[in-house]
Structure formats: C-alpha cells, structure tokens
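Next up, some structures in structure tokens.
Shared between the two complexes below is chain A, which pairs with chain B and chain C, respectively.
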Partner chain A sequence: MLKYTIRRLLLLIPTLFVVLLVTFALAHAAPGGPWDKDESKKQTQSIINNLNAKYGLDKPLPEQFGLYVWNAMHGDFGVSLTYRDRLVTDIIGDAWPISARLGVQAILLAVAISIPLGVISALKQNTLVDSGSLLFATAGTSIPSFVLAIFAIYIFSVNLRWFPASGWAGGDLSHLVMPTVLLAIGSSAFLTRITRASMLEAIRQDYVRTARAKGLKEQVVVVTHVLRNALIPVVTVLGPATAFVITGTFFIEYIFSIPGLGRFFINSILARDYPMILAIYLLFALVISVANLTVDLAYGLLDPRIKVSR
Partner chain B sequence: MSANLLEVKALKTQFFTRDGVVHAVDDVSFELAVGETLGIVGESGCGKSVTALSLMRLIPNPPGRIVNGTILFEGQDVMKLDDDDVRALRGRKIAMIFQDPMTSLNPVLTISRQISEALELHLKMDRAESRKRTIELLELVGIPSAKKRLDDYPHQFSGGMRQRVMIAMALSCNPKLILADEPTTALDVTIQAQILQILKDLSQEFRTAFILITHDLGVVAGMTQRIHVMYGGEIVEKADTFELFDNPKHPYTWGLLKSIPRLDEQRREKLQPIEGLPPDLIAPPPGCRFEPRCTYKRDRCSAEHPGLRQALNAKDGHETRCFGTQPGAMNGWLAQTDWRREIGSIEVLEQVKQQVAELPPEAVRAATSDVPPPPAAER
Partner chain C sequence: MATITASQQRALDMNVITRKQRSLWMDAADRLRRNKAAMAGLFVILGFALVAIFADLRVGPLHIQLAPYDPTCYFYLNGHTACGGDVVGARSGPPTANPFWGANADPRFLLGTDQIGRDILSRLMFSARISMVIGFVPVVLYFLIGGTIGLAAGYYGGWIDNLLMRFTDIVYAFPDLLLLIIIMATIRNTWIGDIMGGLFLMFIALSIVNWVGMARLVRGQVLSLREKEFVEAARSIGAGPVRIMTRHLLPNSLAPVIVSMAFSVPLAIFAEASLSFLGIGIKPPTPSWGVMINEGFVVFTGTPSMVLLPAACIALVMLAFTFLGDGLRDALDPRMKL
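This part shows the complex of A and B:
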C-alpha cells in the first residue's frame, strides 16, 4: 500500500506538468494581455513594452514556459500581474486556508446530511420521507446557489437578523453559518441521490436476503451488510466533490464577501494574470489528484476485492 | 408420522404489481416429518422458491404478501408470530441455502464473519467460541485447511467452495429444517455431485429435515423420500420418490421426464421440450393450468379447475391435479395410458429408478452425473 501510494505520488509529476503546459498554452492563446484592461489610463506602447520586459512577457513563449517551470520547481511562482506588489504564493497562502476551511466544513455537513437522508429514503422508498428527500435533492441541484444565498440573506440576515449578511471577520462562527450551509446544500443534494440509488441497488442483492435468512435484525442487516456495499459509489463521487468545494466557490464567496480563493479562478482569467492562472489551476489539479488517490486507497479498505497493489 | 415438523396448509402468496396480482403460490399444502427429505420440482417461475421464502416469511413486502394459509412449524403457526419471533426462527430452526453462491455471500465480509453472525446471535457465543465453531463447520463441509481460510473473503473461493460455505452457514445453529433452493444449479456437474453428497450425509447424520427445491428430477431422485411437482403456482403431483419415477401420472411430469437429456442415446436426437410457455400467473387459465400445453386434454380441462386427488391405478397417497387420472365423469382417460410409450425411451429412467430403489450414497453421484439439468424444461 505504501509502495502504491508513493508510485501514485510520483505519477503526479508528469500529470501536473501536462496540466501546466495546457493551462499555459490556453491562457496565452486567449486574445488580449494583462495590460489592456485599464481603459482610463491610456498606456502607450512604450509603457507596455517596459512592463512586458519587466515581467518577462517579451520573451518567446517556450522560453517563458521553461523559465516558469524552472522557477516553480524552486518554489517561485512569480508575482501577480494584477496585484503587482504581491507574490502569487502569498495571495494563495492567504486565500486558500479560508476557502479550505469553509469547504471542509461544508463537505462534512453535506455528508452528515446526505448519507442518513439517502439511507432513510432508500429504506422508506416511495413514502413521504422519500418524496421529501427527492424534493430537497431536486431543489438543491436545480436552484443556483446565488439564488438560495440571496433568499437566505433576505430571510436570516435582513428580517430575522440571526446571522451577518456578509464578511468573514477572521472566521467568526456567526459569519460562517450561512455560507457553510448553502455550500453544503449543493453537494448534499446529489450525494443524497447517489446514496439512495446505491442503497436500493445493494438492498436487493442476494447476500442481503442471506443475511435476513440468518435471523439478523433489520438494523444489523442494513448497517453491516447493505451500507458498506452501498458506500463504494458514494466514496467515488465524494473525492472530486471535496476537491471542488475546498478549492473555493465563486458565487458563495462573492456573495458573502469571503476573501477566499474562489474569485481568483474567474478574476485571474479575466485579467490575463498568467502567473495567477497557472498557480491556481496547478493547485486545483493537485487537490483533485490527491482526492482521487484518497478515493482509490479508500476502495481498498471498503472492498476487499479491490486490492491496492503492484 | 406422529408429529409433523412442518405442516403447510392452503398457502397462498401473491405479488401485487403494476400489471396485476401475480398468483405465485396458490393453495399449496404439504407436510414434512422430522428428518425427512422432500423434493419440490418444477420449471422456472412455478412458485418453488416463493414457497420456500414464504416458509421463512422472507417474501419482500411490498410487493409480495402471504395472503392466506397456515404454516405450522413444530406446532407453532409461523404466520401468527411477531417479527422478533420469526427472526428467532430464521437461521436457528429453519435455515436456507440459496441458489447462487456467487451472489449470496456478502463480498465485503470475511467468511468467518458471515458464519459467526448467526452463532453469536442465536447461540450467544463470544468471538472466540464462534470462531472455533466456524472452523468445525468448515471442516464438516469439506473445506481444506479451514483454519487458514477463515479470514478469506468470498471472492477468494470457487463456486463449489462458496456453496460449501453457504451450507456451513445454514448448518451453524443445528436447524431442524433446511430449505435448499436450487443448491447445485449454479455449479458444474462434478461439484453438484459433491455438494449433494454433503447434503445427504448431513441429513442422515444430524436428522435434519430438508426441502430440496430444484428443476432437475435427476437431483431429487437420489436425495429425497417424497417429491412434489409444482406447476403454475400449484402442486400438480405428489408421490413418494420411487412411485413418481415408477408410475408418474400427471402429463406435466411426463413432460419433465421426457425432457431429461440422454447421454446414452445412439444418435443425437433433439431434446423433447414441453411445447408452449408456462402460464401467466396474473391471469392463469380458468381450468387446469397445464391445459394449454397438454397433449392429452379434453373439453373439461379448460372449463373446470381440477383439485389435487388420489390418482387411479396408483399407490395410496399418490395425488394428482389432473382429471384424466382421477375417478369421475370420463372415468380417468389417462389412468390406463402407458406413460412409458408416451415418453419414448425410458432407459435412463430405469437407471434412475434402480438407484432410487437401492439408495446407497453412491447413487447420488451416478444419478446427477448422468442426468444434467434439462435445459428444455427451463424457459
């Protein structure tokens, strides 16, 4: 297992290299550049040339890429072209922990809601509980988070005054409640459906009948025989879902003015902030890869037929 | 037969589906003495398995429900027990061996865990005791180096070995009755013979009663004392095993016998299937359920539903659900029919019959290896 983990971690290097290459190529293929955003200040060609020279954008693209990779290997991801006095690593170092904290809380809450809800609605198939959970899942998936967020702010902040409408306040709990819950609703909606579907699949298996024929209580049958088999597909989607949520979400962070990573996903692209784009997508690829590796290792624990080996 | 272990009376199990009510088991009655082995034979979908599941109250509800009948087990009506009492029965007094050993074991739990479960539940053993007993059980069913294989998972076992594990599981609490639902169907012929031998030895050693459910007359031949043939959710013929092979009465039984493949045949002749399809159990034929497929039918067969009665020209207790074999209006037009001529070569049957008569343990092996399951009898 250790050998397998090391091998998978080593495989990350070529994966991340390819991600960098593609991101670099696409970012530079997009028309425009980092300096042409500011319409108010007419920038003469000579200023732009100077800026390009300062940030190394005048060099041929292959050289730029080579230089970037070389520097990145030494921990230097460059300076943001938008916030010109800040290192990319500093920006991410400030913003990511906030997104990660929010994301981890949200995914934990989502799991805590969706797995019990999915199990119950599978056991009580076609009852009121089941329909209720279907309604929740459909609503949670189809209503965009910014719509829910605006309603939530209107009800809980403006009218009831339970929670502040926005801000982070250094991670103050009351500021965290609404974004966490709203972020969790989106993820728990589809996790509930997957849990329900795989529970229904597992509960019809022959070995469940065998377990019942032994005289086991229904709760024991569900917990020891059904649930463990049913969780395998849930774990599969949980990995990428976690990766998405902990790297920051644009809408929720934007609406609640949370200084997380989410806005950089969009803003860095709009601003053609090449070092920022590369660093953010590199981080995203890294998180996704680690999440997938974790899922694969978890398979080995859940299902003895899947041997993590070689 | 002083006190029967099991008495089933007028059992009726139905499934309530969108297309209508499926009469899966219709008015089935039989009894079983302590230590007795009974065969229930019939093609797919005739209600054999549903009968077995009904006995343990394992019919999935919804859509299924036992709508009528009494199931007296050791004098106690299983139908009237509450859920806790039924669970106390399952695995402890009545155990079941399922058809497909590939899917009937939980893939994510070790063998020892799955066998120990029942031991810890019913016999209140602790981990160490149940582990010891599990090793004994695995040795009993002939799993080599049982101690080493205890913590293996089902996927590390072959089909035959898994079925042995299933048997060990069923035996674990010394049940009074084991329901074996097609225990050898998913296995190849040599393994079939071994598994049947194990079941047979066990039934003799522990005086466990068995109900052996199969579509394969060859399997029940060497194993059982009595055979009930089921068709369309009903029992259509009841006889003791020798009598059934010696003097089968119901045209459906003839059809089953005819469709046994013969390995000793000189030329490759086509198997003789029973023409037509099994009845639709949502709207069964109003008369005899076999009537649409029967080549011996008369007008009465489609008009009236025959009851299960003593057959003419047969041993006492040999009952059929066929007007042609019962005394009555037409005076049993099939009673005198020579079934041997009707079904053609009976060479293999004669062999089977001989084996039934002798009934030494070896008979099972011969009977099963000569007579693989009749594919023609299956849909």
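This part shows the complex of A and C:
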C-alpha cells in the first residue's frame, strides 16, 4: 500500500510536467502576445522589445520553458503580465479560496443529495419516486449548469426575489445558496445514477438473498449488506466528479459574478498572460490528480478484494 | 387468435414452423420503438433538424425559407435595415421590439428583436443549424479517426498500441473542457478560427479531445473479440487482416460504438453552447444559442426572453438527445446499465 502510494505520488511529477509542456506549447503557438491587447493603444516596437526583455520573453522558447520549470520548483511562478504589479501566486491566493470553497460545498451537497436519492430510488424501483429521481438525474446530467442557472435566476431572483442574482459579498449565505446548489446539480445527478445502478446490482446478489433468508430485518440487510457493497463503485466516480465541479465553477462564477479563479482563467488565456495560464493549469491538474489518487487509495481501503499494487 | 395467411396455413400443413426472420438490429429497433421517452426525444430532434434544414434552403429554383429574416440583419427603429457586418459582442440597452406577449411588441418580429434590432426567431432557427452540425459532424470524425486507430491498435498491438496508450495518458491528465478551452481560446483569432464562423475550429478541437475515447473503446472491443472462434475461423480460410477488421471485428463491436456516438452528440452540443456562452466558441455575428445567451446576458433582468428562449432550446435538445441515447443503449445492449 505504502509502496503504491509513493509510486502514484511520484507519477504525479511526469503528469504535471506534461500538462505544463502542452499548455506552454499551445499558449505560445497561438498568435499574438501579452502586449497587443488594444488596437487603439498599439505599443511601438521598441517598447514591446523592452517589455519582452524585462519579462524574459525574448529568450528562445525552450529556455523560457526550462527557466519557468526551474523557478516554479522554487516556488516562483512569476508576475502576471496583465496585472503587472501582482505576483501570480498572490492573485491565485486571493481567488482560489473562493472557488475552492464553492467547489467543496458543491461536492458535499452533491454527495448528501445523491446517495440517499439513489438508494431510495433503487429500493423503490419502478415507482413514482424512482422515475422522479431518474428524471432529475437525466435532466441534471444533460442540461448545462449555466442553462439551469439562467432559469434559476429568472425564477428565484428576478421573480420571487429570494436570492441575489449575482455577487459574492464575502461568502454571505444568501449569495452562496444558488451558486452552490447549481454547481452541485450536475455531479449529484451523475452520482444518483451511479448509486442507483450500483444498488440495483447489489440487491440482486446471492449474499443479500441469504441475509434475507436468515430472517434479518430489512433495514439490516439494506444497510450492512447492500449499501456497504453498493457504495464502493460510487466512491470511484468522485474523482471525475471533482473534475466536473472544477470546470463547472468557470460557468457558475461567470453567471453569478463571483470573484473566483474562473474569471482569471478565461481572461488570462485571451490576454496571453503566460505565467497565469501555466499556474492555473498546473493548479487544476494537481487538484484533479490528487482527487483521483485519493479516490484510488480509498477504493483499495474500502474493498479488500481490490489489490491496488499491481 | 390472429387470422392465418395462406402461406402460413400452407406451412402448417407441411408441418413446418415458420417465423419471420429477425436480425439482432430489428429486435433492437423494436425495443427502441417501445421506449416512449426515446421516441419523444427522436421527434424533438427531428423537429429541430427540420427547422435547421429549412431555415433557409435553396436548391436550384427551389427556395424554402422558414426563418422570417436574415439572422445577421439589423432592423433599426427609424426603419433602416443593414445586413452583415461585425457588430461584435453584447450591448446593453433594451431590445428594439419585445416578443408578442410583451408591451411594445412588433408584429413583424414574433419573438422580438435583440438590442441591436436582429430578429430573435430567425436567430434561434439559424442557431439550430449550428447545434445540429456541431452535434453530428465531429462524432463522425471521432468514429473515423478513433475507430481506425482503435482497430489497428487492438488488432496489431505493438507500437501503435503503445503510442495510443501514451497519448491517452496525456489527454486524460487534462479535463476535456480545459483542453478544449485552451485550444479554442488560443487559435480562435487566426484564419483557422474564421472558417465557417468558428465551426471548423470547433470540429478540430472536439476531435482532438474526443477521438481518444472512441479509440480506447474500439481497442477494448477488438481485444476481447480477437481471440474468438469466428475470427480464428475467418483467419483459417485465409481472410486478410483488413477483411477481418472490417468484416468481422468492426461489425461485432458496433453496438457499444453506436451507444457511445449517441452520447457524444449531446456532449458536443454542450461544449459548443458552453464555449460560445463564455465568448470563445462560435464567432458573432454567426448566431448560436450559446452566443445568444452571451449577448443577451447583460440585459437579462430587463429582457429575460432574450436569454430564456435560447436556454430553453439548449435544454430541450440536450434532454432529447439524452433520452434517445438512453433508449439506444437499452435497446442495443440490455446488459449495459448506468
């Protein structure tokens, strides 16, 4: 187990390196640079040359990349080329906690909704409850979150005036409700489907029939025999669900004008703010890889039949 | 009891049991036809497809135009009109005409106009074109690229297989949307991004991100089929690798491939709508539902219909494709469950 964990942690290094390399290549392959934002305020070539020299963009690309990786390993991610008085780490340090809080809340909410819903819907298969939750699961996975958010804002903010339509206000509760719920819907719908399918499979197993035949109470059968086995596959999809929530934050933050990392993400690519692009992709890749790793390790612990170390 | 036809009677007389020949595919089609949600989805999709085709169709002398106006024409309040041109991005301000249920409605524009006087109904109809094209074209590309490489990797193994697996590792380290976003946002302002209002670049970006999944699926299928008796039989009568791949391996791995393609269609529509909504997908003035939401969002609280109408179209199409995909999966492989 320890060996496996260490090996997986070491595998993170090449993965992150490849992510950085691909991002760097794509960002620099694109035409345009960080200094030609505005047609009307075109800088003269000598100014651009000076700026390039100051930020090290005049060096050959492989050298730039090598330098970036070297500095990044020492915790120096450079200065943002858009907000030139701010370090990339400072900007991310301000914005990331907001996105992360939103994401963590959404995942917790998604788990809290989807597992009971999936379990109930499997136990009451082919009833009204089941088809209701299936409809929720289908709609939630297929309709984009920003489309759902539009309807939610129209109903709950514009007409009923229950929640504010936008803003963050330092994470005040009324501003939190709608973004969190909408971010959670997609992954909770997905998790509901998985929970239901996995419960249905577990219910039909022989050991469940045996437990019933022994005369165990239905609750005991469901909780200790069905649920424990059915939830294992559910844990495995928490990794992809994390990735789903992270990408979902861009849209939710955009719609609700939340000052998280999503805003910087798109803008930094459009503005060719290379240090920001690289740092943000590195952060996302790291979070997703760590989520997947945690899930894989948890999987091994939960199910002794799975041998993680190949 | 049903009446017996003459031929069946004859067969009975001859003591032969007749049964209409049924292929696997016919059984699947029957199962699909019995699935109400899937059929409803199919009809919704057909409806949108017809609107997309006939929004403005010219074939020789024939000219069918369902959309009342050109979606890029501006109808100014002073009676002037102008077409084309690049009025980029969102503008605040009220629409020049509200939809028919609102005050200040204009009978010429059933669903109203946007802030710069373009007919919403026409824009919605032309947007259906983008969604249908973006739904189907990239999926065919995934199938051609991913299917070929998957077949080769599964059948031959070796370096093709290794290369595929390494490539998969890279693509899997990126969440789909992150890779799509960086490709779209960086290449959008080049000449490639200008072809067909950005559609062409979307095809390429979607194919780069998604062919790997198809290749892995086909590879897995081929690996499990490769050692089956019927393949061995084909090989023993002298069938070459190409014949084995196209005549035996591909048809037998088709069911999961079709299911995967059916689910890829709404995902591609999802991606286009999402990226256009963020302003890095289809290029204005070309209309798409995502672009319309992006442009209408600044005046959302004032004129919600400008955003709600395209949002409803996206929701409807996505649901329809998902129901159809679910139905296809249940019909083609009743064992596959999710």
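Everything that follows uses one rule, which is that the second predicted complex is superposed on the first by the 295 of 310 C-alpha atoms of A that agree within 3 Å, B and C clash if a C-alpha of one lies under 4 Å from a C-alpha of the other, contacts with A are read in each partner's own complex, and residues count from 1 in each chain.
To be clear about the criterion, contacts are C-beta pairs under 8 Å (C-beta built on N, C-alpha and C of every residue); 3 or more make two chains touch, one makes a residue touch a chain.
Everything quoted here is computed from the prediction, not taken from an experiment.
Following the overlay on chain A, a side-by-side fit with no clash is recorded for the pair chain B and chain C.
Once the two complexes are laid over each other on the shared chain, residue contacts for A:174 go to neither chain B nor chain C. Of the two partner chains placed by superposition, only chain C is touched by A:29; chain B is not.
Contacts of A:302 after superposition on the shared chain: chain B is touched, whereas chain C is not.
In the superposition on chain A, A:194 contacts chain C only, with no contact to chain B.
Centred on chain A, the angle reaching out to chain B and chain C in the chain A superposition, using CA centres, is 80 degrees in steps of 10.
Once the two complexes are laid over each other on the shared chain, residue contacts for A:229 go to chain B alone; chain C is not touched. By the touch criterion defined above, A:211 reaches chain B but does not reach chain C. Within the superposed three-chain model, A:153 lies in touch with chain C and out of touch with chain B [touch as defined at top].
Of the two partner chains, neither chain B nor chain C is touched by A:49.
In the superposed model, C is the one of chain B and chain C that contacts more residues of chain A.
Contacts of A:281 after superposition on the shared chain: chain C is touched, whereas chain B is not. Between chain B and chain C, the minimal CA-CA distance in the chain A superposition rounds to 12 Å. In the superposition on chain A, the residues of chain A contacted by chain B and by chain C do not overlap at all. Taken together, the chain B residues at the contact with chain A in this complex read 56, 58, 87-92, 95-96, 98, 100, 103-109, 114, 117-118, 121-122, 153, 155, 166, 169. Remark: chain C residues 169-170, 173-178, 181-183, 185-187, 189-190, 266, 270, 273-274, 277-280, 293, 297, 300-301, 304, 307-308, 311, 314-315, 318-319, 321-323, 326, 337-338 touch chain A in the complex. Every residue of chain A that touches chain C in the complex is listed here, in rising order: 15, 18-19, 22-23, 26-27, 29-32, 138-139, 141-144, 146-148, 150-151, 153-154, 158, 165, 193-194, 197, 200-201, 243-244, 246-247, 250-251, 254-255, 265-266, 269-270, 277, 281, 284-285, 288-289.
By the touch criterion given at the top, residues 205-207, 209-217, 224-225, 228-229, 302-305 of chain A touch chain B in their complex.
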